[in-house]
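Below are two complexes that have chain A in common, paired first with chain B and then with chain C.
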Partner chain A sequence: MLQLTDVSVSYGPIQAVRNVSATVEQGEIVALLGPNGAGKTSLVSSIVGIIPVSSGSVGFDGEDITRTPVESIVRKGLTLTPEGRRVFAGLSVAENLRLGASTQSDRAAVEETLETYLEMFPILRERYHQTATTLSGGEQQMLAIARSLMSRPRMLMLDEPSLGLAPRVVERIFEHIVELKQSGLTMLVVEQNATEALAFADRAYVLASGKLVFEGAASELASSDRLMEAYLGTGVD
Partner chain B sequence: MEYFVQQTINALSVGGEYALLALGLAIVFSIMNLVNFAHGELITLGGYAMLFSAAWFVSDPIYLLPICVLAATGAAILFERVAFRPVRNAPETTGLLTAFGVSIVVQNALLIFVATRPKPVPIPDWMQGTIQIAGLHLPMVQVLETSCTVVAATGLILLLTKTNLGLAMRAAAKDFTVVRLMGIKADRVILGAFAVSGFLAGLAAVFILARRGAVDPMMGFSPVLKAFVACVLGGFGSLLGAAVGGLSLGMLEVLLQATLPSEVAGFRDAIVFLLVGAVLIWRPTGLLGKRVELGDKE
Partner chain C sequence: MGLVSATLLRSLAPICLLIAIAGLVMSIGEPYQIRVAYIFFINLTAVFALQIYMGGTGHASFGHAAFQGIAAYSVAILMTPLALKRLLIPDAPFGLAAVHLGAVPSILIALVLTGVIAYIVGLAISRLGGVAAEIATLAFLVIVHVIFTNWIELFRGPRAFYGIPSISNLYWGLGAAIIALLIAKLFRDSPYGVQLRAASDNLLAARAMGVPVERLRLLAWTLSGIVMGMAGILLATYLGTIAPSSFYFNQTFLIMAMLLLGGMRSVSGALCGTLVISIGSELTRSLESGPVIAGIDLPAMFGLTGFFLGAIIVLVMSFRREGLLGGEEFEDLFRQWKLKRKSAADETSADAPAKQEA
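Here is the complex of A and B:
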């Protein structure tokens, strides 16, 4: 569904991502792991067109989207829930969700989608008319995910959905990710929380200093202390 | 009593005019981080559109009023399309320089191709007269301007809260990247912001012209300066701040005008700016500005 071929991303003279080739197949959850500063956020931001790909190509559903503007990529069914949630402060939960549905013209379908996700995240229904800033971190993360889903994407990229959240809340977010996978959504999940991400991912890529250092089944990485230690520094504990 | 009411309506109309202009600056700034110093040229172009229309095909001056508003709106859209869109992703200073460039190009084009001296613009007679409300004689321009400001501000609030474009504009003021991640076209939001700013400038231009009765190529400078000061006073980027800043600035000017002894009346603007400076020492981010730590907004 998503094909990256030799993708590099640069900020001026600094190369944040170097020649990354990767794929995500329909229906999969793929984890993108790696330490802080490895280039994970740069990679997903460039895939969705927020920052330019400096070389290489990005394909979505067989179509080249390397130079396609963000808003058009989202309209094609690929979206990103950005790092740090970035809900619209000062706007209500309802307005945040309405903005998420901007690509949808069929009002009845929007209502239906809204109902689906208010069902999935009941706290959003409870806080529907409150401003987004009054929500807790976990609630804001749920809002950010629901907002992305309002555009009815076929593939969702989540950038650090567990960032800054308490372990119990992280667990709830991860449960929702599994729930979304069961509904048929394809996902690429960026995580620092490697052990837990590998529990629900099908495959994993590990990025270090902008380069891919591992790709393979999530179970293979998770079961190998040597690999976990080498790439993520979390193996033996 | 009559004097007091007259001065109040005068203060409201001047304040309203600054508020309209400041809102236009603020709405573009809030989304693009661009201080559009070519905003004053929208007023100028609205005025020249009136001048040309009157010379060519419009006989009744009442039709010149909507032409002025339309011309300013059109000019704002044109500025965005031709000048600001190509530098949208460039550093902020590039945008600022572009704005100065647009302003200089328009001023000089008018100087070269039209005239260097002021040209009279026909204004409907009834706008120059007075209107009697509850036994008080009030200048028509001021009453109209005050009510137009109220209507325009209400319209703006409705646009921002009730329409999808308005919602997108409010969201874009917070986080433009995420607005695009919602699949909303950046071009449309920015064009919308420019169109609104042009419309408000055109509205203000109608009254500026009704007061001065003539156009000249440099006429946009003083209003845009006042609008800029109003934005700074209210808190840059905040729409409410722009409205409050504009109103306060206009009312302050009229208050000083009415109370200063004639020997120092010439220093009115200097005193106004001194007071604005004092406010900024007390509140560096403006009356309604929020303190933003460096790095809060990416």
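Here is the complex of A and C:
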């Protein structure tokens, strides 16, 4: 579904991502792991076109989207939930959700999608008319995910959905991710929480200093103490 | 309820207020007061225009007075009688010295022209972000001013352009202000307005959701430029005399102070700020000449009005960044106030039985 070929991302003279090639197939969850500063956020941001890809190409459904503007990519069915939640603080939960449907013109479909995700995240229905700032961190993360889902993506990229959340809340977020997978959504999940992410992912990529250092089945990575320790700092001692 | 009918309903209170002001001034005001009220409506239209862009994008614009000037000069050149034009601008290019149009076509052409120029300039400004966009608007103001003062064949340079038929009266001002109010409110609550405000709140998240930020900025800029053009037309067709200096820094900072004072995030804030500064400047202006109040002969204090404007901007920026209304609309404030009263009432009624038990 998603094909990255030799993708590099640079900020001036600094290369954040170097020649990364990766794929995500229809229906799978792929985890993108790696330590802080490895280039994970740069990579997913460049895929949707928020920051430019400096070389290489990005394909989605066999179509080249390397230089496509963000709104067209969202319209094609690929959406990113950016790191750090980034809800629209001054707007209500309802407005936040509707903004997620910015690229949708079919009103009836928007209402239907809205109903689906209010069903899935009941807390958002409860807080529907509240300002987004009044939500807790976990609720804001759910709002951010639901907001992205409002664009009816076929593939969703989640950037650090567990960032800054209490373990119990993280667990709830991950349950939702599994639920979304069961509904047939393809996902690329960026995580630092490697052990938990590998529990629900099918495959994993590990990025370190902008380069891919591992790709393979999630179970293979989880069982390799050497890799886990070397790149993810979660090895068994 | 549709967006349009909801907006009309929500705008009822401010519209009634404006009609009341106009009615009161027309029935009991002296010519001087009518003039003050007219200038108030011109500035109000201009501040609503500025609110459309600044309230949506969160970026300051120092360039809007230029749109006012472009529209004002357009009607001036098109509407002024030929005999006068032969005297004022005998060498006007494009055969404009021989063109004389009625009020309606002149106004329409002026608005369209302002819109086209706004669109072209906006193509560049909407692509810039933050401070760069703001500096670009300032550059635009200066460029337009330089053209006005140096293209002598067309604009008479720094000298006044006079003899424009004074066809408008206070009701024109009232009408334009109401139209501007409705446009600003409609835009603010429309999906475009909400998307734009979201983008100024969090640019990255808005982009990630596919909000076409540049296109929306361009839309807000062009729309507010056209509304600003209305304010320019009002000025030209009332005073009958315009000069490049009317559309420069003084006007820019006056309307910006009005908008910031009330709170640029809401249309109601724009109205509040314009009211307060208009009344305040009139009061300070009457103090400038050193009147005798309650037997005390005050000294003449020239420049007091300017001091008043500056002081207001400093005070608002230090104590109430979001403006008097804090970015809320009247009806939102009213709803919050009602909610607060209701919850307070609930608390006291919940307390009462508890006390009885004790």
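Assume the second predicted complex is superposed on the first by the 236 of 237 C-alpha atoms of A that agree within 3 Å, B and C clash if a C-alpha of one lies under 4 Å from a C-alpha of the other, contacts with A are read in each partner's own complex, and residues count from 1 in each chain.
By our rule, a residue touches a chain if its C-beta (ideal position, glycine included) is under 8 Å from a C-beta of that chain, and two chains touch if they have at least 3 such contacts.
Keep in mind that this is a model prediction, so the values were computed, not measured.
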Combined model on chain A where chain B meets chain C, clash or fit: clash
Contacts of A:Ser223 with chain B and chain C, given as first, second, both or neither: neither
Touched partner set for A:Ser102, first chain B, second chain C, both or neither: both
First, second, both or neither for A:Thr134, with chain B first and chain C second: neither
Which superposed partner A:Leu91 touches (first chain B, second chain C, both, neither): both
Partner chain in contact with A:Pro82 - chain B first, chain C second, else both or neither: both
Partner touching more residues of chain A, whether chain B or chain C: C
Touching partner for A:Gln26 - first (chain B), second (chain C), both, neither: neither
Touching both chain C and chain B, counted on chain A across the two superposed complexes: 48, 50, 69-71, 74-75, 79-80, 82, 86, 88-91, 95, 98-100, 102-103, 147-148, 151
Sites on chain B touched by chain A in the complex: 164, 167-168, 170-171, 174-175, 177-186
Complex interface listing, chain A residues touching chain B: 48, 50, 69-71, 74-75, 79-80, 82, 86, 88-91, 95, 98-100, 102-103, 147-148, 151
Residue ranges of chain A touching chain C (in the complex, touch as defined): 48, 50, 69-75, 79-82, 86-91, 95-96, 98-100, 102-103, 144, 147-148, 151
Interface residues, chain C side, partner chain A - complex: 191, 194-195, 197-198, 201-202, 204-212, 327
